[in-house]
């Protein structure tokens, strides 16, 4: 049983550092034999271990893709923010976000979320199926702890069978994760994406302050390049 | 970037004229090489262009299937009405409605919507996933305009890749659209469907006034034939 | 047209009697040629007949799987309770629950529901897509009756075609139901599951009183075995 939570109330996990994409991919290659963060995350989804993300603050890009790889996601209603900002910088999500979101929320909402590169609060993320539920921040920790202990105390055989059978239906095949990963790699070398990365960096992209409101910044950016 | 909206506050797009099914199919054949409105609409879904339906008033039958072919759907909470009235006249939706609704809302809600031939307001359409979101009518235009401009200003490469990858997961294959189209064509020549069309026409079917409340009319009709 | 409802306001259908699993499977074998309740239920889903479950009170385990096999599910907001308690006793749902829930609510919510073995009220079951809608108990009967009469009065040809086409998309293949059924059979013979069954029986499992709050009982149980 794994529970992931953040010590920083404003940030859960950020997107990848666009200056370190090669390093991330090299690290993934060491761990799973392929230069793909999506395939690395998919090991978590396919694992016998049950994982829960307890989300406060922002989680975007590969951060969102990490929580999507978890088995369940519960978020603080007041503070959690979700986003896939890739399209806003000229690329496509490469670590499984497309695979999970299209299956969780259907074609139209997945296209909205992925193409808008907008920030989504916990209440809307819940309505769209991005997360299991939005809960009041003060109840979130106890809720997740109780659920994790409950499942951890059930016999392993049934839990593992349930997870296997649900994955057989709802977890995308390895090849689709690999393809998205390759398309992200190719996209990030595109001159137009490189130009957007640079323009974004000039406006504070990848700094804590500027990413408090990243959704808005990406919209402004696109009007000026 | 395409945004579709209606100049008539009560009607977005109606169902097909049941007296002109052959004409519609012939027109589709000229455009896409097959006598299928569903395959025509599917070109919109598969296109590189991003499409948004901004819906006020009624959209039923092939009108609903047109908005389902769009990439996103936002509707006026106060006025938008959705329906697939085909079963109520003895036929099955032929222009993609079954393919989209079963994937967007799951088996039980799709069966309810498709078999009831009932009118659904924007709030329930949102809960069922028929539309992305219901918004207050006075905010709808600005919301859609801002979203369309935002996406239009992002680099095309990422947008096109995202759309391709989501379609690979969530857009039904050509063969399934073709099959539904053929079943609609066959169904509309069934004597029982022809009888229902005639009974409905006597009660004002395909007139503006009678279709303000089409869901109710179809229910009354079935009790008297 | 079939409408299923309960004469008991507290119980719709219970889970299977864990002391009679072999008898249930033998009965299913007589009816459908295979020792699988899931394949028996699947005949209802695949049937030309349209089925609606009108749910008041508790429906868990195979009871929940029975309503999931119905075409539509409407539940009393005040009283309906849903649960798949199998993991809590060391087994996995064997009568189609995994197949339906993973498709209706997506990977994360299906894993939550299936692994938590918790009780879900009608409001949350609606948000998760387990049921079509939660309605006030005093409106439920009239709503279901009107919907059933409405659909029954539509020509059969269109209704049957719609159901066939939706099933082609959203009803899991026979082989997946059979596999879940076999895994449940194997799991129930596992010594750890047998121990949990016995521990649960000592605490009133399978008695009316103890199952008023089965979700809580399963949680307590797991802490003491």
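Assorted remarks:
Chains: A, B and C, in written order; residue numbering restarts at 1 for each.
As a convention for this text, contacts are C-beta pairs under 8 Å (C-beta built on N, C-alpha and C of every residue); 3 or more make two chains touch, one makes a residue touch a chain.
Values in this document were obtained by computation on a predicted structure and should not be read as measured data.
The angle needed to superpose chain A on chain C by their Cα atoms is 120 degrees, rounded to the nearest 5.
Counting the residue numbers used at the interface between chain A and chain B, under half appear in both copies, so the two copies meet with largely different residues.
The mean-CA centres of chain A and chain B are about 32 angstrom from one another, to the nearest whole unit.
In chain C, the residues that reach two or more other chains under the touch definition are 103, 105. By the touch rule above, chain A contacts chain B in their complex via residues 86-93, 98-99, 102-103, 105-112, 114-118, 127, 172, 176, 179-180, 183, 187, 190, 192-193, 196, 219, 222-223. Across the interface of their complex, chain A is touched by residues 50, 70-73, 100, 103-105, 126, 129, 131-132, 147, 150-151, 153-155, 157-159, 161-163, 165-171 of chain B.
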